[in-house]
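Think of it as A, B, C and D in the order they're written, each chain with its own count starting at 1.
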Amino acid sequence: MAWTREEMAARAAKELRDGYYVNLGIGIPTLVSNYIPDGMTVQLQSENGMLGMGPFPFEGDEDPDLINAGKQTITELPTTSYFSSADSFAMIRGGHIDLSILGAMQVAENGDLANWMIPGKMVKGMGGAMDLVAGVKKVVVLMEHVAKEEKKLLKRCTLPLTGAGVVNMVITDLGVFTVGKDGMTAIEIAPHVTREEISAKTEASLRFADNLVQH
Amino acid sequence: MAKVYSDATSALAGLLKDDMVIMAGGFGLCGIPSLLIKAIRDSGVKNLTIISNNAGIDGEGLGLLLETRQVKKMISSYVGENKTFAQQYLAGELEIEFNPQGTLAERIRAGGAGIPAFYTKTGVGTLIAQGKDEREFNGEKYVMETGLLADLAVVHAWKGDTEGNLVYRKSARNFNPMMATAGKVTVAQVEHLVECGTIDPDHIITPGIFVQRIIHAAGLEKKIEQRTVRQRA
Amino acid sequence: MAKVYSDATSALAGLLKDDMVIMAGGFGLCGIPSLLIKAIRDSGVKNLTIISNNAGIDGEGLGLLLETRQVKKMISSYVGENKTFAQQYLAGELEIEFNPQGTLAERIRAGGAGIPAFYTKTGVGTLIAQGKDEREFNGEKYVMETGLLADLAVVHAWKGDTEGNLVYRKSARNFNPMMATAGKVTVAQVEHLVECGTIDPDHIITPGIFVQRIIHAAGLEKKIEQRTVRQRA
Amino acid sequence: MAWTREEMAARAAKELRDGYYVNLGIGIPTLVSNYIPDGMTVQLQSENGMLGMGPFPFEGDEDPDLINAGKQTITELPTTSYFSSADSFAMIRGGHIDLSILGAMQVAENGDLANWMIPGKMVKGMGGAMDLVAGVKKVVVLMEHVAKEEKKLLKRCTLPLTGAGVVNMVITDLGVFTVGKDGMTAIEIAPHVTREEISAKTEASLRFADNLVQH
């Protein structure tokens, strides 16, 4: 039984540590903020120039000057600071953000990541994704294991890269996979999902950890 | 030297010419120099190269200059919200140079800071690095990116004084401070125009040296692109 | 993660070791992390490489670490005010690497911003450019300078909150903000320690992400190096 | 009759224009601020992180957090802004300062400037001088024409350079000299000073302007 989007987000939240500064991408990664454990202090960075991002505003409290990198209205917290885009990416590029959780189209066993363009289709741009995967200390990809029958965990990405050798971990609806020098290793799998199913849906060479956990 | 102008059109008088490079601040529709963009549209100047993180949306921001086909080329990081953009691009009428957002921000800062080039890890091993110099530092590969300057920078700020000192509000700061430093001429629209000495000098983000002309954007209507709310408990 | 420590000694506990690289903020005696420098002196750590614009004066600031011969090398732009420095330097006991002040500031900013190297016009055709890569951009020569990082940065701020957000006062800002970004660990002394939410988030110069430890420097005695006054009319 | 230090500063002040942003070095250049014409607005930059530098404070008003690049106590003005050293030199390097007036040990006819070290003597460091001469739009040197019998306007500097080909104008106690592609040109000379005296005290090839002014 594959994990739901909420369960995937909850699993990703287990990568958080007290005191972490974290950048969450658009989509499922945004949900991770709902699963920060009580008592743990995590500051969310929004690459358009904010640290200490709060939740969506109550209706009527929206402020056009206060948006996140997805252009959504948000709120501030007592810890919040604002800064320019140059300072924001100095923070990202300089390795000051502990964790980036973002979506992907493809991840390769060598850690390559593709999530910004499909040749022949209208390209919208990479936004801050290339900077994030190049600069952040730990990069976790949160995505469906397959998309419309297409495998996404590959030997080599076929789409243009967002970053080369940048992914540390992939969390899908089927399991959790670390990416290291020796390729991908499944360390957890979702309930009732079989190794065979995962292997069939994965092109990347995949090892199952000795201490593999099935929830 | 009086820096204060009565409106956007007079503040841009003498500064606009075809084929020029213009930087426009803002992220999405947040912190965009909306009045100055409208005045650029109304001037009819064309073949513009625009450096801006996004391309506005249809009917708002830089979307206005796309509708009138005044833009030849965009240098941006993300242009996803604009249908006019997509049409013109697919018809081959519009050039686009994509930059990673942090590289774009740093290139603008470098331009304003007299730094012709710098090295970054961003984009190494991707299309972005093609044709660019690469170099190793401490065993890691970096790509060289160059500084960006513009003939004109148009920026939006929350408050400005008559010397051109600017402060920004919340995430409307974004690209505005760097662009103010990288325009040969910088024109600012401010929501509150105040006397010198009113803003605490420790709070000033853009010193007046970077701002040549300033207008008061009174009663500005600021748009929200993605209105997201939560329910009251 | 509690960032607040009771005093300079406890805030530096576990961070000091011989042969390390330390950045120390300040310009002259203005905005120097005086309490943290004293605690470094008292720790007895030695063979330090210190990155700081100046070297203090005799008996004040980094002068304290020179007197005790804890410094192996200084990376600075100007060290004119210090007799102890001159003596040790002329005796060959102290190494010095001079950087143009703007190059020093930018190297530190680059280090903190993940930029391993950049090009500048400063120093082209001088001793400073010797042995460094040169390159032409638009027909002008530039020299390549590298980013600087430190094992520890010690900085002084006017106000800080418990999250480590910092604001500076007047010209005491100087090198402190960049150094805060370039230390593997950054420790700040602040004249006023306040609760989170007390400082307007638009006024914060150093976001808390850059500050790992913070102490309240209550009732600090700040020295004036060159007292210059004019007569009342 | 050579100009006094005050007269030299007054002459340098004639290079100011309304709206200029100016950096003044230590020594005689500091005096230039006393000769800003009434009605002209000039903002003084101090490279330690201030724009809009005011005069020295009244006694008792000194503030240890408010000093100039010479470490002297100063005051702020209604136009003042503060910024970091990195931002200050971004302003300087980026060509935003209109005019830098500074002292020198030697200036060569090709615009080379030496003012920071004498080999064999204790070197104090170049401070911000190298950045200023490389970055500021117009560089004016304000210095005595000779020092202890030693000529200072030379064919080539013998001391290590602060900047190569950076000086636009030299103002000494004897006259005003422009520095261009064709070398140095005297455009003004002090009262009762002869061309012969200037030539004798100058090693650089020197042309006297057709419209030479003697005050």
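The rule is simple: a residue touches a chain if its C-beta (ideal position, glycine included) is under 8 Å from a C-beta of that chain, and two chains touch if they have at least 3 such contacts.
For clarity, every value in this text was computed on a predicted model and none was experimentally measured.
Of the two chain pairs shown, C-D and A-C, the one joined by more C-beta contacts is C-D.
Computed from the mean C-alpha positions, the centre of subunit A lies at a distance of 28 Å from the centre of subunit B. Distance from the subunit B centre to the subunit D centre is 36 Å, each centre being the mean of its Cα atoms.
Multi-chain contact residues of subunit A, defined as those touching 2 or more other chains: 76, 82-83, 89-90, 92-93, 135.
Of all residues in subunit B, those that touch two or more other chains are 106, 109, 113-115, 120-121, 168-170, 173, 201-202. The touch graph of the protein chains shown belongs to none of the named shapes.
Working note: touching chain pairs come out as A-B, A-C, B-C, B-D, C-D.
The touching residues of subunit B, when paired with subunit A in their complex, are 27-31, 53, 76-81, 86, 89-90, 98, 100-106, 108-109, 120-128, 158, 168-178, 205, 222-232. Contacts from subunit C toward subunit A in the complex involve residues 1, 109, 111-115, 161, 163, 165, 181, 195-197, 201-202, 204, 207-210.
For subunit D in complex with subunit C, the touching residues are 46-50, 55-59, 61-74, 76, 82-86, 88-90, 92-93, 112, 122-131, 134-135, 160-165. Across the interface of their complex, subunit C is touched by residues 18-19, 21, 41, 43, 45, 51-52, 76-83, 89-97, 135 of subunit A.
Within the complex formed with subunit B, the subunit C residues making contact are 106, 110, 113-121, 135, 137-138, 140, 142, 146, 167-170, 173, 200-203.
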